[in-house]
Every structure is written in C-alpha cells, then in structure tokens.
Amino acid sequence: MTQESRPTLGVGMVGYSFMGRAHSHAWRNVGAFFDLPYTPAMVALAGRSRDQVVAAADRLGWRSAETDWRELIRRDDVDVVDICTPGDTHAEIAIAALEAGKHVLCEKPLANTVEEAAAMAEAAERARANGVRSMVGFSYRRVPALALARKLVADGRLGAIRHVRAQYLQDWIVDPDFPLVWRLDKDKAGSGALGDIGAHIIDAAQFVTGERILGVSALMETFVRERPLAEASTGLSAASTGDPGRGEVTVDDAALFIGRMSGGAVASFEATRFANGRKNALRLEINGSAGSLAFDLESMNELFFYDGTEGSEAAGFRRILVTEPAHPYAGAWWPPGHLLGYEHTFTHEVRDFLDAIGTDTDPSPSFADGLRVQEVLDAVTRSADRNGTWTTVGGPRTTPET
Amino acid sequence: MTQESRPTLGVGMVGYSFMGRAHSHAWRNVGAFFDLPYTPAMVALAGRSRDQVVAAADRLGWRSAETDWRELIRRDDVDVVDICTPGDTHAEIAIAALEAGKHVLCEKPLANTVEEAAAMAEAAERARANGVRSMVGFSYRRVPALALARKLVADGRLGAIRHVRAQYLQDWIVDPDFPLVWRLDKDKAGSGALGDIGAHIIDAAQFVTGERILGVSALMETFVRERPLAEASTGLSAASTGDPGRGEVTVDDAALFIGRMSGGAVASFEATRFANGRKNALRLEINGSAGSLAFDLESMNELFFYDGTEGSEAAGFRRILVTEPAHPYAGAWWPPGHLLGYEHTFTHEVRDFLDAIGTDTDPSPSFADGLRVQEVLDAVTRSADRNGTWTTVGGPRTTPET
Amino acid sequence: MTQESRPTLGVGMVGYSFMGRAHSHAWRNVGAFFDLPYTPAMVALAGRSRDQVVAAADRLGWRSAETDWRELIRRDDVDVVDICTPGDTHAEIAIAALEAGKHVLCEKPLANTVEEAAAMAEAAERARANGVRSMVGFSYRRVPALALARKLVADGRLGAIRHVRAQYLQDWIVDPDFPLVWRLDKDKAGSGALGDIGAHIIDAAQFVTGERILGVSALMETFVRERPLAEASTGLSAASTGDPGRGEVTVDDAALFIGRMSGGAVASFEATRFANGRKNALRLEINGSAGSLAFDLESMNELFFYDGTEGSEAAGFRRILVTEPAHPYAGAWWPPGHLLGYEHTFTHEVRDFLDAIGTDTDPSPSFADGLRVQEVLDAVTRSADRNGTWTTVGGPRTTPET
Amino acid sequence: MTQESRPTLGVGMVGYSFMGRAHSHAWRNVGAFFDLPYTPAMVALAGRSRDQVVAAADRLGWRSAETDWRELIRRDDVDVVDICTPGDTHAEIAIAALEAGKHVLCEKPLANTVEEAAAMAEAAERARANGVRSMVGFSYRRVPALALARKLVADGRLGAIRHVRAQYLQDWIVDPDFPLVWRLDKDKAGSGALGDIGAHIIDAAQFVTGERILGVSALMETFVRERPLAEASTGLSAASTGDPGRGEVTVDDAALFIGRMSGGAVASFEATRFANGRKNALRLEINGSAGSLAFDLESMNELFFYDGTEGSEAAGFRRILVTEPAHPYAGAWWPPGHLLGYEHTFTHEVRDFLDAIGTDTDPSPSFADGLRVQEVLDAVTRSADRNGTWTTVGGPRTTPET
C-alpha cells in the first residue's frame, strides 16, 4: 500500500509531560520507518492549562489543543485516544473513550487500583465486541532485545524455565533533598517504585516467559520519609526551589519480592529508586533447563544468551547486538550495529497498535494483561503489609492467607 | 524565543538513501527537543527518479520534490542545502549551492579527492565572507560520549596525550557473495573502508585530542577482489539476485596505518569491513599522562574514563553512562539512563548547524576540517601505494618521501 | 624475622577432597609469598582409606598420613588442625581438637545445624581462654576485591547502606542425570544450595556491610527430585556410571530469600545450582547513600565502585582491578594487572590465621560468626517450610512467628 | 604411574627475581595437580649475592644455593636448567647448559639480539640430537584461553584469517619520576616495551594463528627520555630513593607496527608502558572468514568467540569462561567457574616441558620459535630506525629495503 492511498487515522493525546513527549515522537515518526495500514494524523493534544497545552502541541507536532479531555473524546476527527496522564486518571478517561468508540492506548500501570483496572478491562472487553481496540503501554515489550528474548523462549531455546531474576534499579531520589514530586504521592501515583518501575519488570517477566506470577512474599521500604515540597514540580525533572516546607512521602522507595511462576520457576523481583549509580537498570535474567538469557536496559541493544545444549568447549553467554534485519523491529531502522534508543520502543508500540487496528486483531498487551500486572502489584502490597506472608496473586483480598 | 516567533529557515536536501533518511529524521524532530533560532521547514527533496523522490519526500516529510538538484538550489524558499549523495557529486553541488548563497551541510567524506575538497574549502571560505555557513557531516562528533570525551581532554583531565588507538570495524562484506554495491566502486566512493569509515576515526581522533595527524605509514588490502554485480543495488542493503555476472572490487576492504600526532602522541588506526562479528565498532582509546578514555560506538551511550590522578586503591576505568543533564546534548532528551541511538547524532548536528547560522558563528567541523581529513586519507593511500613509506599529511604528493 | 629463625607450627589436616586440595596448596605456598610468624610444617593428613590418604599426602605435600582423625589430634607435632570434611563431621572433630589445645581452622558451613554450631562456638570460646585460636573458612573474605569492598564500606565511602543484592549462581546439576553425590544428601550436607553456596553470600553480605541479617522471608525449591545413585562419587566431580538405580534428592536445588539488615538496609539473596551458564557467579551488589559496589566471583579480580559524591559529568562505576600494592593481599604476589585465582583466597586465609596465632589475637571469621551464618540458614529453612512467613534470625525455633 | 615410582629430575634455576619467583612456584606445585613422568626436585638456585640467594632459596623452596651459574651447570644432580635472568645473559648460560647436556627452559625474549638467538637456536638443535630438550618461556601460550584460541583456529572455526589486532598495554612508568630500572637500560634489556611485552604479542599472534609475520612498518617512541637513577633497583618494583641523579632512558617506551601474516592476514601491533590505567592488557583479536576471537589478559579466564556461521538471530560474541574440564589445562585444577591466575601459566609450562622430556618429543615454543620472535623484534627496530620503511622479517639486515 503506498502512503498516499492509506486512510488516515486521527489521534488525540491526553498529557504532554515525559510520556507525552515520548508518544508524540512515536506518532510523528512511525510512518517514516514502517509500512502502516493507516496514516496517523496528530489531531489534538489535551491538557488543563491552555497556554501550556498550546505550546506543547506546537512543539510536539499536534495540530490543535484542547483543555478538557472530554472535548477531545467528543471530536469526530479523533479515532484513537492516547492516555499519558498520571495513573489516578486512567480509568475515567479510558472508559469514557472506549464507550465513545475510540481505540485506546493507555500508559502503564493501567490504573492505581485493581478495582479501576478491572473496570477498565471490562470496558475494553465490551468495546472489543464493537471492533474497538485497546492496549496498555508496557513499551519495553518493544525493546528489540526483549522481543527477541520472548521469541527465544517461545522457540524452546531455554527449555523449562527454572529461574526469573528481575530488577529495576534507579537512583533519582537518593538525595534526601530531592523534592516531593507527584510520583512520591500515593494519591496520584498509586505506589512508588513498585507501580512505576516494578510494574515494568512484572510485565516483562510474564511476557518473556509466557508464564504468570502465582504468589509472592514481599517487603517494601521508604528510606526517606519526608521531603521538601515541590509546588510546581512535574514529572522526574523537578528541582528544589527555596524552602517550601516539607511533606510526607506516602509511597515506597523500594519493593522486593520473591515468588513462584505458573510453569514451576522461582522468581525474585526488586524495584528501587535508591540504587546509587544505577540510572535505568531494568535487568532480567532467566535460566532454563536448556539455556539462559540476560538483559539490562542500560545496554538495551544487547541480549545475552547462553545455549546450554552446546558442548562446553565453546559455550558461553553471547552478546547479541540486536540490530540485525533478523531481529524484531530492527530491520526498519538502520544497518546492523547502529543502535536504537529509548523512544524507539514507543514507535514500535504505536506501529503494532496501528497494525492491530488495521488487521482487526487484538493488540498486546491488552487491558486484561494490565489488570494482571495490577493484581501482582496488589498482592505485593498486601504481602508487604502483612510482613511478608505468602500472598496469592488474584486471590481473595480481605481475609488473611497462609 | 517562543516557537511561534521564530523565523523559518527553508531546507532542501539532495539524496534520500541511508544518509537522507537519517538527515530527514533530524530535520523532522530537532524542533521538538531543542530550542532553536529558526524553525526549519522541510521544503524540498531532490533526486533523479521522479517516482522515487516523490515517494521518499512523502515518506520522510518533505513538502515537495525536485528531480534536479540545480532546481533545488535555485528555489527562493531553500535557505539550506543538505547534501546526502555519494562522494563523487559533493564538490559540484556544494560549490554551486554556496555560490548561490545557500548554507551547506555536506555529508562526509567531504569529497573523493584532495583537489575537490580543497576547491570546496575555498568556496566555503569565499561564501563565509557573505555570512554563508558550511559544515561537513562528521556526525559522530555529536555522539554525547565523544563530545564529553572532547570536553574531558580540553579540560586537561588526560594531561599530555601519549597514545591514540582508533579502529572502525564492520563485517558487512565478509561474505564473498555480497554484491558489488556502489561503495565498492572507486569511481563513486573514492575509496573503500578507508574513506567510508576510516574518515570517521580520523576525524574523531583529531576532534577529541585537538591535535592533527602529521604523517603515516600505511597498508591497505582487498581480500575479495571480485564480487557479483548488483545492478540495482543501493547503499548497504543490497541483496544478490540471480547471477548478473561478476565485477572487480576497486576499493580497499581494510586500511591500517600508524602515525604521529602534532602534540607528540603516537597513533594507530584501522578501518575494515572484514571484522567478523563487529557490526559498527568505532573504537577510540586515548592514553594521556594524567588519564585515559575508551569508547566503542556499539555501546555509544558509554564513555570509559580513567583518572590517573586518583590514588590506586579506588582507581579504575569508569563506565560513564552519558545520559545526564550535565552531559552534552543529553539533557534535551529523556531522564538519566534512557539511551540515545544512532540517529540522534544527526539531530544534534542540525541543531548545532542552525545555532551557528542563528548566531553568525562558524559551525564545526568546517569544510577546512573536511579537507584536513581528506589529506590524511590521501597520505594513507600514497603510503600504502609505496609499501608503507612514511608520508607527511598535506605534504608534496608527486615525489617520493623518506 | 628471617625465615630460618621463625618457629615451626605443625599442621594436621582432615580430608583431602576438593577443600583438602585447596588448603594443602595454601599451606605449601604461604611461606613463599608472605612474611609469617611461624613456618608451617605440613605434618600429617588424615583420611579413612589408608591407600588413598597415603597417595594424597604424597601428592599434596604432607609428610605423613593417619587413618583416624583422633590419632592426628593426639600427635604432639600437630599444633593446628585443619578440618576439610563434610559438614556432618565438623562438630565432633573441631570440639575434640579444641579440647586437645589445637588451633582449629574449620571449613564452612561451620556445621549442619544450629545446635552443632552453637556447641562449636562454645568450645571455641572456652579454648580461647587458653590461647587456642579458631577460625571458620569463609575464604571469600580473602578475595582481595571483597576485602577492598569491606574497607571501602568501613571507610564510609558508601554512606548508609540501603540495599544488599546477593546471588550465588552455579549450574553443575542442571542435567537431571547428574548423579546423587553427597552434596545432594541432607544427612551429609545439611542442605543443598543454601548451605553450600548460600552460606557464602550470607557471610559475604554481613562481612562487607558490617551488619547482620535480622529476619527473612524465604522459599526453597528442588527442581529434580530423583537422580541416579552415585556409589563411589566424591565431591563435585562425580560421573554417572552404568545405572546404579535412582535415589531421592533430599536437599534444595535453589533457595531465595529477602530480608532486612541491622542498619536499615533491605536485602535479597539467591543461591542456586540451576542457573544455566553461570558457573561460579557469586555476585554482591551494595547500594548506599553515598556510593555503590558490585562484585562477581567469575571476575574475581575486579571490584566495581560508584562514588555518588562525584559530579555527574564524570561519575560511573569504576572497574577497579584489585591487583595493586595498595590493595589487600595483592602486593605480596605479582606486579599490578597480574591476576590472582581461586586458591589464593586460601593462602590468604592461612596467612591471616597464622598471623592471629602469632600475635595472640582473634582470627576472623570466628566460630561465633559461623554460628551466626548457621542461624540465618536455619531461619531461611524455617521460613521456607512455613510458606515464606517472616522469620527472625536467632529467634525462637519451635513456635510459629508472625 | 604412581608418584612414588616416578623418577626424579633435578632442576637448577638461575635468577630469583620476578620470573624466578614465578618459576619456583611452578616447580613447587606442578606435581600436586598434574600427573608427570618425573618428580621434579628443586635442587639448586643460583645468584650472585650469597646472602640473597640463600634467603631466596629458603623462601622459594630450593634445597641449595650457588653463587655461580657455572657451578650449577656442573652439578650432577641438576638435569634441567631454568634461566630467569635478564636477556643479556641468556645466550651464554643457555649454550653452556645445553653443551653440558642439561635440558634448558629459558625465559623470553630468547636473547637481546638476533645473533645471540641464532646461536642459541643452533646450540639447541645440536643438543637435540642427544636427546636434550629446550624451550623458551612464552608462558602465555599456556593461558587456557589462549590455548583454546589456538585450538579453535586449528579446528577451522575462524576460517581464513583476515585480521590480527594485538596490543600489550601497561602503565607502570607513566610517572616521569619512576626510576631508571634495568628494564629501561638497553644493554641489559635489549629493548623496552618492544622486547619485554611486544615479544609476547608477537609470539601469541604467531602461535594462535599458526602463521608468521612476514614484514612490518614500525615506529617507536620514548616519551620520557631521562629518569632518576635507581642504584639498587631490581625488576618492576623499584622505588625512587632520595635523588641519585638522572640518567638516560635508552629503550623505547612504546612500539607500534603494522604488518602482513604468511596466510594473507593484515596485522596491527602495539606495545607500550604508557597506557594509563591499563595494567597488564595483553589483547589479541583475530577476525577470520568464518569467525572471530578476542582476548584480554586482564580477564585472562575469558575467551570471546564469534561464530560467523550461525544465523544472525542468535549470533554474538560468546564469553567462554575457560575453566571447564573440556578446556586446556583447566580440568587439572578446580571445578568450573573457579578462576586461575597469572602464575598458573608457568605451572602449565613446566608440566608441558616435563612431559616433552618424558616422551622424548620437542617442547614448544622451541628456541627456533624464540629466534623467529627475535627476528620480528629486529625487523621492527630496523623499520622504526628508517622511519617506517617496510622491512621483511628475517631479511637482509645491513642494506636498505624497499
């Protein structure tokens, strides 16, 4: 299909902070690298402050701006709603958009609570009957190295999975004077390291192995319990200004848990914002009866693979530079050895979303997948609240378990 | 300056293959991440085949297409000419554009011969008097890690430079049945690994050290001297189809040379397309009296730095993840630890070019810098032709030297 | 003190398998590299089979052989007893030796149960009053990189410890046909991966941080529950011969736990023999408020250190090659950059033990330290038996905890 | 053969500095790990100063001491002479020992000049007729990873060799106040970095590829031309004391050369003592038509291998941890994953030397191999003296070449 003959699909986005910038970049560039069933049109951007949303729309390439997301959903020229706001607003926007017949791409975590996530998954299921598609933005599934990891597992190169070892290590709040941004506020963010980055490793572990986390023993910790207030801080980039007083940190700085996977593997997870010197180290290591994999997002173009079926003379973890035409997504970009970066994952995400819409298939990860992650987050929180007691994922949530 | 109030600068580009795609991406996105003195407008794309250039313009975001670069230069709405064609056409296009008063960004190597490069540098110097800017596209200067490397050297963190060790290792023609693409044709490409990738390490070594290569002893080799013809092959991605006969490879597969730098360092260089398993390994290692640096483009977000002034108890090469706000370019993109990729270097390049135009300053690297690299390439070729005889860079080119 | 004028100290060793070979090497070589208060004399080796023990003594450099360890303890020319037998025999031999006034070096884990370990620690305490020294063989404390890690923490370079991340990953029984060697037999070995290699990371974590593990949530798993019997297998090197039937694996293949340290850090531990491709990966990563450390025994000459107090421009994990004269132990061996291997840790261990005897000071780790590790192993086992319930280290062991 | 029934072979060693310590360790321990045709007896150590040689013999395990190496050669109980002195004395001692019917192990480089080396190779050839064995101590051939590298090349896993890239980088004289030790004195050492460490990479490149270096273009540099005198300095460990005046450095600090191998490969070599932060980085990288290898002595238990015949999906450089029973030498030591260190190479060397004596076969590398390395060193020096002119290895040495 030539580009000219492709129908246009109108996209409206809510939010224009960190995630909004990343999603805008994806919508702006996907057509230059991938053959698509639709030409995405960046129709409108929604945000509360008129001045700011207009400036953002101009800078990021959106044709118009709205100050109320409800207006954006009402527009006829908007076919897809892309939600890039904090987690406490996801459910309301997503459900409204789905009910209005808009395809929805929603940032992760799907919601701040299991209840919201369940309602969203149900709304998605209802909309699906009408051909409306929905997808949750666990963008790391589209890191070529992790997509390759999934393929190697699915191809049986690892055999039976024995171990999952997942960590997401950052350090951006190690300074006790870093301000109290919205990500440290439970009402906005739902949880701290757990929901923000722990959600990513939960999804990645389940995605790559194709297995579910069945139950967990967890502990959570807040190392710095009070921080300077940050009146106008937004996102990750807040800077402390003057002394606006101090406030309580209401989320976890770190969450650790061990668990069991549906295929018999044992697993270990850790999410923290206090790993000094680790900037964005999403690490995943998987050991199987036939081989192993290791990945670190700080070297995101590399996948390490051990083939345990080789003779030991020449066996070893191979550093696969995941930039070959044979690799997921990579062939659309540059010649082998030319690295991709962080934002490419979003380009891959919107490409796959457009493909699913075009082929009338279910995109992945679905809202149901998002709910599943939310249930794990919930089990972790409940286990930590009860001093590490084993907690079944998706199990009853009001009575103690043994 | 708000985006709306910025004047527009019309850009016209010639060529739309590998480099054209990369430059288009840069023009398309630079405004979303950087504050610029101008809003670049992607006015026109030039190429010989109408169908292909129109399709490319549509896909890459150019508003119109031209089938003759002379027409593109004639257009009033084109203020900047961006040259992304093979090296044998650079001189003619660039000189014409400069004489027409257009700012010129020209891909590397500047030209295929010293004579052409010298004529281009002279044209640039004449145009400069009229406020016309020119720049040669050694984009790797804009890899944040290499820009940081330059800064650390300039700040004296390495002391006196003793050693430069530079390699550019690829393997895309290791298969003897890989076809005879234009990059293997001396008439089009000027030279093989030497001009294509050797030029990059020559520029990088001179850029990071701030020193010049004075003289060299060289050898060059063509391992596979005949290859299948590739009638319609373009760029790196050619695939052998049927058996169209075989033709002679007229360029080098590998070039090695040792030399001396203007500051007293000794240096070793190697460029090859036969380093099996190395996909895009531009490696630069510099040892100084006070410290050392090491870099590999296959891990382009990392710079390794050794501070020799520390006590030995805790000294060691540090892996600096060059994604901090304190690092060149990085702060404009994502939070720390979120990687940049190959094409970001071009975005940085056009940003710096626009900045130079906006501030009426000379962009770097200049055509004179491009000439300097060409002189090194020429000295390497002459030394290799004379069995490794020491050859002064920029020296007399017709009589033997000792 | 010149070598000739040093008094001699007679050493008797029990056991001559894997650990016996390593300890023999240490006794044989320590005097050639270190200045010692005593010249150790390798007086006698004890083992049950006369033929085997005589051959081993000859090969390993022991002057005589005994077939009963009680005889060895009785000998007047034996001043030090070095215990290299499986864990179920440690208590009896060590207590007898201490009561006979012999200095005792006992391999880890100190014992198979807390009761035995406690009895040994008491015996050591009694003997100490008479100037008799005892030490448990957590030899990895003498890896120069881990000794340097301890020094950096003690010097405050890490600040307050926030995270401990410890793994000991091996893969030698990943093949389900690997035979049922003594290390897979609970009666001999006490536990599986937990006591064998988990003990090492427990000790290493407590040693490097200077903190204690307070409590844990744990899970353990045996992936392969039945294996071929190995009639005459010894140690790690057993090979399956014919089909001698199958037997039950009575120990854990993998043990995972999370916990809290006495200084406020949270910690994660994993010991497994099923990490395909990981041969001997004892990994320790520690994050503090001022810096971080990372170590992997598969690269045992390297310590990675992040100094969080540096400006971010040049900050990064440094690879310290721990072979400098400024580093623990390293100066006694070779020039910088010349690597040490596995057995050097035992040489350092006996050197420090001899030093402690010579200076009438307490060697470290003491039997009390060994008991402390045993208490953690016990808490892990109890937590795992109770489905991950939080379990205090050293707490009451018969009633359930909350 | 049981140890008791093995005949004894008397060993006498000359020199007891750095190399002497390493060789002593090998003789002392080889029997505990390897089955040997002979039991080596450490009969006598020779050195000029009686006090020092007696103390060294005592410390290193030699039964007696001699102050004249001629006496040592005369002894009936000495069957093997091991030469660990500076290069200017090798020829005299080795030839005398060979003529006295002693097997000779001689440290590298074989000699300080081609003439001496040639005389030694001739003496070795004459002695060989009488069953007398000789070997030159290029010990790095016995690093298991390099022995494995040789095997992979010999097995055809790399195909036709295209590139050799060899570096030996150290930094121990980067401080201009490091004193003028014997290794910086041309009369004693023959040359500087070139003969000391360049010899190692020349031998390693020829050994692993099985090819010869045919010719070279070279340059050499002495960065610091004057240093404090070090009256009593010995070996690498000299320390500047007071101000004993300054003297001229008469050897190279760094040597670089490019060349061609007998099988058609091109090669690059660099040896330097001024690579700040590189402590002992002997690096060898080899690219062939079918695969590649990479090695760094600072991680000496690892070999990186790229198998270019695999499909690109899972291809990548494998980190082979060369500690498996399937690997050269490794099985004699510890279980997989337990690292070997620097001195193990010497243990392997004397083991292979004893094996060759026991089986009446020629040990390798022979004195002829040592001569071949000396000829390369000589060609490098001559090329550098003539400003990089191409110089054939083993070619005429008095007339200029073209």
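In order of appearance the chains are A, B, C and D, and numbering begins at 1 in each one.
Heads up, the rule we're going with is that a residue touches a chain if its C-beta (ideal position, glycine included) is under 8 Å from a C-beta of that chain, and two chains touch if they have at least 3 such contacts.
The shown structure was predicted, so the numbers you read here are calculated from the model rather than taken from an experiment.
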Intersection of the contact lists for chain A and chain B: C, D
Chain whose mean Cα position lies farthest from chain C: B
Distance between chain centroids, defined by C-alpha means - chain B, chain C (Å): 54
Cα-centroid distance, chain C relative to chain D, in whole angstrom: 36
Cα-centroid distance, chain B relative to chain D, in whole angstrom: 41
Shared interface positions of chain A, touching two or more other chains: 278, 315-317, 321, 336
Residue numbers on chain D that touch chain A, as the complex places them: 148, 152, 157, 303-305, 307, 311-321, 324-327, 336
Touch list for chain D against partner chain C, complex: 2-4, 18, 21-22, 24-25, 28-29, 31-32, 55, 58-61, 170, 172, 236-237, 278-281, 297-301, 321, 323, 333-344
Residues of chain B that touch chain D when the two form their complex: 158, 162-163, 165, 167, 169, 171, 174, 217-219, 221, 223, 254, 256-260, 264, 266, 268, 270, 272, 274-278, 287-292, 306, 308, 315-317, 387-390, 402
